[in-house]
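Before anything else, here is the set of structures, which you'll find just below.
Here subunit A shows up in two complexes: once beside subunit B, once beside subunit C.
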Partner chain A sequence: MILVWIALAPLLGGLLYGAERMLRARMQRRQGPPLLQPFYDMFKLLDKRTLIIHAPHALLALAHFAVLWFSIAAIFLGWNLLYIIFLHLFAQILLILAGYSVRSPYSHIGSNRELLMVVAYEPVLILVAVGLYLVSGSFEISEILKTGGYLMQLPLLFAALLMIVPIKVKKSPFDIGEAHQEIVGGIEVEYSGVFYEFLYMSRFLEYLFIYSFVYLFGGESHWVGAVLVAGVFLLVNLVDNATARVRPAQMVKIIYTVAMALAVLNLAGVLL
Partner chain B sequence: MDMVLVLVLLPIIAALLLGLFPYQRLQYIISGVALALLSIVAFSLYTSLSDFTFHLPHNLNILIIAADVVLLLFFLYQGRKFNNIKVMVLAVAQLLLYGYIEMVAPAAGSAEIIVDELSKFMFLIINGVGGVIVLYAVKYMEGESASPFKKRLFVGALLVFLSVMNLIVCANSILLFFFLFEMTTLASYLLIAFRGDEISRENALKALWMNQIGGVVILVGALVAIIGFDTVMFDTLLESSGGVLMLSVALLSMAALVKGASLPFEGWLLGAMVAPTPVSAMLHSATMVKIAPYLILKLSPVLVATMVGGVISLIGALVFVAASYLALSRSVLKEILGYSTVALLGLMMALAAIGTQESIAIAMVLVLFHALSKALLFLSAGVLEKQYHCKNIEEMKGMVNRDPKTVGFILFGFVSLTLPPFGLFMGKLFAITSVASLLSEHPAYLIVLLALIIGSTLLVLLYFKVASALLSAQSDVVQSEKMPIPTGFNIPLVVLSFFIVAGAVGYIMMQQNIFVILLAFPMLFVFALPSIIRGMERYDRTIPYQCGEKSSFDSALVYYAPSIKIQRAMYWGFGILFVAVALVGAMT
Partner chain C sequence: MKFFTPFRKKSPWVLHYNAGSCNGCDIEILASLAPKYDLERFGVINTGNPKQSDIFLVTGPVTYRSRERLVELYSQIPEPKVVVAVGSCTATGGVFRGMYNVEDGIDRYIPVDVYVPGCAASPQLIIDALVKGLEVLEAKSKEIEKPFKLFGAIETIHNKLSRLNMATKVEPHEKD
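Here is the complex of A and B:
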């Protein structure tokens, strides 16, 4: 059963992405695309002629997608949270290397930004894992989901996690990775056809990845987890519609001062 | 015992042979055989179970005292010759202290040399990695502009240095340890000054006086041990309790902080990067600076759960973050590697000073894998320096086109420092778990944990920023010529990469945890990908998007640097913390 879910993970993420586009359109009082639009886009992309810069660049996109999928599988299987975070880091590094491996200024700036995003959210993710560990006594997701009450004990840590969700799903005010007015397509700009497809699908997986962390705060209760995810989903899109993009350096500064302070305060509170 | 003697004497014999025979090919053979023998002996020692103890004969002890005095007089002479007051003052201080200590030191004690688990582990690193570097040095010196004799002297000095290192990690007498500590300082001084220009001379003197501070604190620590416990032996000291024990241990730990180039002493290690690359790799990354975590590991039974241990972990953790951050402002590849060495040494010392069984094991893992990865990176940097005369990462843009293989080695080095399933990554991962498990007992370790997390992330930023300069290949449309790496450079790099992979496999298997083994799966997949997916020729090639511009343009590298004010505050802070180690030791 769980293997089926793992196999369907990109589909699930695609639905989430489609739902998000609908939600944003409704918030802006537009009709917006249908729920399945991401999948229609994928079929359209498959028809396009594939142009590549060089083979390693193209293959790195595939590798990025595969490793990301592996880390999502690890989440579904209830592995150690730290392993999952670092597998995800590995996937990001592959993407970053891909961006650097072409002599294209947009791709390079895109990679630079992606690297800064890693620098911003990675410590918070690990602190979230440590926070969940301190309350539940284990880094294993399967163990974490057996107890509850995380939200009561770790409210500030949850707020810190909330701050990095927009980075991962590339939403304002932290959508520096997708600032098409500034960096055209960033890393994605040099991909086309079937290899772009992989990057497009990794975006679906990123949604699953970060929202799983939100879900974990529900603990043993699936309902609380689902409500949290729905709430955060709504909130992130609301904020996205209401704020402007900050500069990359500002983003790191905000996360390092506000989010980290929240996380550390919360952890210190739990410990003392 | 014989095997330990081999480890100490064989490098010296090899050095003598090198001096006698001026043939190039023979040099390769001698260093190759030395490498093979030393690693086999070190490995078989590592797998043997028994510990050895050894009393030095009286005559030898007197010889060592004489050598020590000569050494200190030599430092004094160098200080006078180059008119450096710091060197002179410290040399005089050391001479006086040393003379006084030899007068009051107890004549007998436990054995001067003890080979325990930790020493055997260090043998493995020193001889395995050090041997490879010596082999590399033979080829490296061919291209150096120096007289043939001086070149042979250089390789010989590296070999002699190996035997000093082999001895220092089994020294049980603090005075013998001091002598060897000063010998490594001397090696560092002479080898940094090897090129003989003004910068080399200046940096060598800097390295000398900073390391002399380490010597002074060791002597004061020994004096305290004599006054308090009437012993100059590590084992007797570590078994005693109460009194001035913490002060003595604190002073000895301060020597580790100096040798490990922790802030505010990182200047000497950065300056040491002007030396020929084998020196940087051997002394200032793979072996000599490992004395720092080694010494803390040795003292860890006493440091565990004490204020002194806490302060040292705090310093180590903060150094990890600060040095990683400072590295982001540098553009010379070797300096970047130097800063990241300082950072990781800080992490190792922090973990060693925590002193639980688990954190000690992790610190040792970090020592081993850091030595391997950093040696690989330094040697690769040396190849780029020799072949293309590139030192600065700004000049290395697009290097992947000119020298894909060396760039591959460098990237592999970076990956082995940051990603699963390689040893250093695993060490950091287990360190997070281990420190997190201590949090509920010692909430203060939250700072160490935070530093560990942030520092690791900053190092990722650092390494892949460098990678961005090396990569950035032209599209396939443009063909470029490729230059092969000479065999003399290639073999050491391949051997080190093999060690890294073999070490990672061994370490993963040791965990006996199926999930840890599965962590290796993605890396295997990525490496196998080019052979899984074939026929990339069927896709049409294009050139990168340039927004319609006809001339192609480059993106710049990113640098981050703290303001002068923050930097100064940082140095003062670390200076105060350094002194605080002794103060805390005196108070407890």
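Here is the complex of A and C:
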């Protein structure tokens, strides 16, 4: 059963992405694309000719997608949270290498920014894992989901997590890695056809990855987790529609001063 | 593949290029992408990246400076692709026709599938043209489409098709 869910993970993420595009359209009072639009895009990309720069560049996108899928599988199987975070970091590094492996300056800038994003959100993600460990006594997701009351004990840590969700799903104000108006998509600029599709689908998996962290704060109650995910989903899209992009340096500064301070404060409170 | 062909018209991604336009048509294109006319309901995304686009929206009579980029961008779009000429200038040269520094429309350089008249073309017309372009897109094969002018040879490097010299620069072309 769980294997079926793992196999369906990209579809699940695609539905989430489609729902998000609908929601954003409704927030701007327009009709917007249909729910299945991401899948139409995927099928269309299969029908396009593919331009390949060089083989490693194309294969790194594939590897990025595969490793990301594996880390999602690890989440569904309830493995160690730290292991999952570092697996995800490995997937990001593959993507960054892909960005550096071509000569396009946009791709290089995209890679630089992706590195900055990793630098910004990774410590907070690890602090979230540590916080969940301090309350539940285990890094295993299956153990974490057996106890509850995370939200009562870790409210500031949850706020810190809330701040890094837009970085991960590439939404304003922290969508510096993609930034279509400035760097034409950053790392994905040289991809086309089938290999762009892997990057497009890995975006769906990123959604699942970060929202499953939000879900963990629900603990043993599935309802609390689902409500948290829905609330964060709405909030992130609202903020995305209402704010402009910050500069890369500003983003790191904001995350390091505000989110890190919140997380450390909360951890200190739990420990003392 | 035959199965995926119907999905072409479900998600046309657009590349918008200004070949020396007065910005009138560009503003209308942006207006049709914005919430009021909402092209995104057809699945349109303004990618800004030729390698991921299906529909090439060009505005402006092609100026001497912009023609290299026009052909370059056109040859970077993977097939199947559709070119929509937005505005009178792009179709015929418009009020700039016959001037020393313009090329009287893009169809001297690249094959055009849909022409949109108007100065500036209205958002309703642009939407109609895009929908018309989708029919053309669905009927097209994946054969390589070449620009009319300024292109070098389509060649193979290591047994693979290369677009490296598909759009060569103006200077070496005019010397020989």
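By our rule, the second predicted complex is superposed on the first by the 272 of 272 C-alpha atoms of A that agree within 3 Å, B and C clash if a C-alpha of one lies under 4 Å from a C-alpha of the other, contacts with A are read in each partner's own complex, and residues count from 1 in each chain.
Just so we're on the same page, contacts are C-beta pairs under 8 Å (C-beta built on N, C-alpha and C of every residue); 3 or more make two chains touch, one makes a residue touch a chain.
Model, not experiment: these values are computed from the prediction.
The superposed arrangement places subunit B and subunit C next to each other on subunit A without a clash.
Between subunit B and subunit C, it is B that contacts the larger number of residues in subunit A.
By the touch criterion defined above, A:Ala63 lies against subunit B but remains apart from subunit C after alignment on the C-alpha atoms of chain A. Once chain A of one complex is fitted onto chain A of the other, the partner contacts of A:Tyr100 are limited to subunit B, with no touch recorded for subunit C. Look at A:Ala25: by the touch rule set out above, it reaches subunit C but stays clear of subunit B. Of note, the Cα-centre angle with subunit A at its vertex and subunit B and subunit C at its ends comes out at 110 degrees, rounded to the nearest 10. Once chain A of one complex is fitted onto chain A of the other, the partner contacts of A:Pro155 are absent, as it touches neither subunit B nor subunit C.
Contact with subunit B, but none with subunit C, is seen for A:Tyr83 once the two complexes are overlaid on the shared chain. In the superposed model, A:Val119 lies in contact with subunit B only, and not with subunit C. Minimum Cα-Cα distance between subunit B and subunit C in the superposed model: 5 Å.
Counting contacts by the rule stated earlier, residues 49-51, 184, 189-190, 193 of subunit A appear in both its interface with subunit B and its interface with subunit C. Listing the residues of subunit C that touch subunit A in their complex gives 1, 4-5, 7-8, 10-11, 13, 35-36, 38, 40-43, 47-49, 51-52, 54, 76, 78-80, 142, 144, 163. Within the complex formed with subunit C, the subunit A residues making contact are 21, 25, 28-34, 37, 40-41, 43-44, 46-51, 180-181, 184-185, 188-193, 196.
Across the complex, subunit A meets subunit B through its residues 49-56, 58-59, 62-63, 66-67, 70, 79-80, 82-83, 86-87, 89-91, 93-94, 96-97, 100-109, 111-112, 115-116, 118-119, 122-123, 126-127, 130, 133-134, 139, 184, 189-190, 193, 260, 264, 267-268, 271-272. Every residue of subunit B that touches subunit A in the complex is listed here, in rising order: 398, 400, 411, 415, 418-420, 425, 429, 432-433, 436, 439-440, 443, 446, 449-450, 453-454, 457-458, 460-461, 464-465, 467-468, 471-476, 515, 519, 521-523, 525-526, 529-530, 533, 536, 539-547, 552-555, 558.
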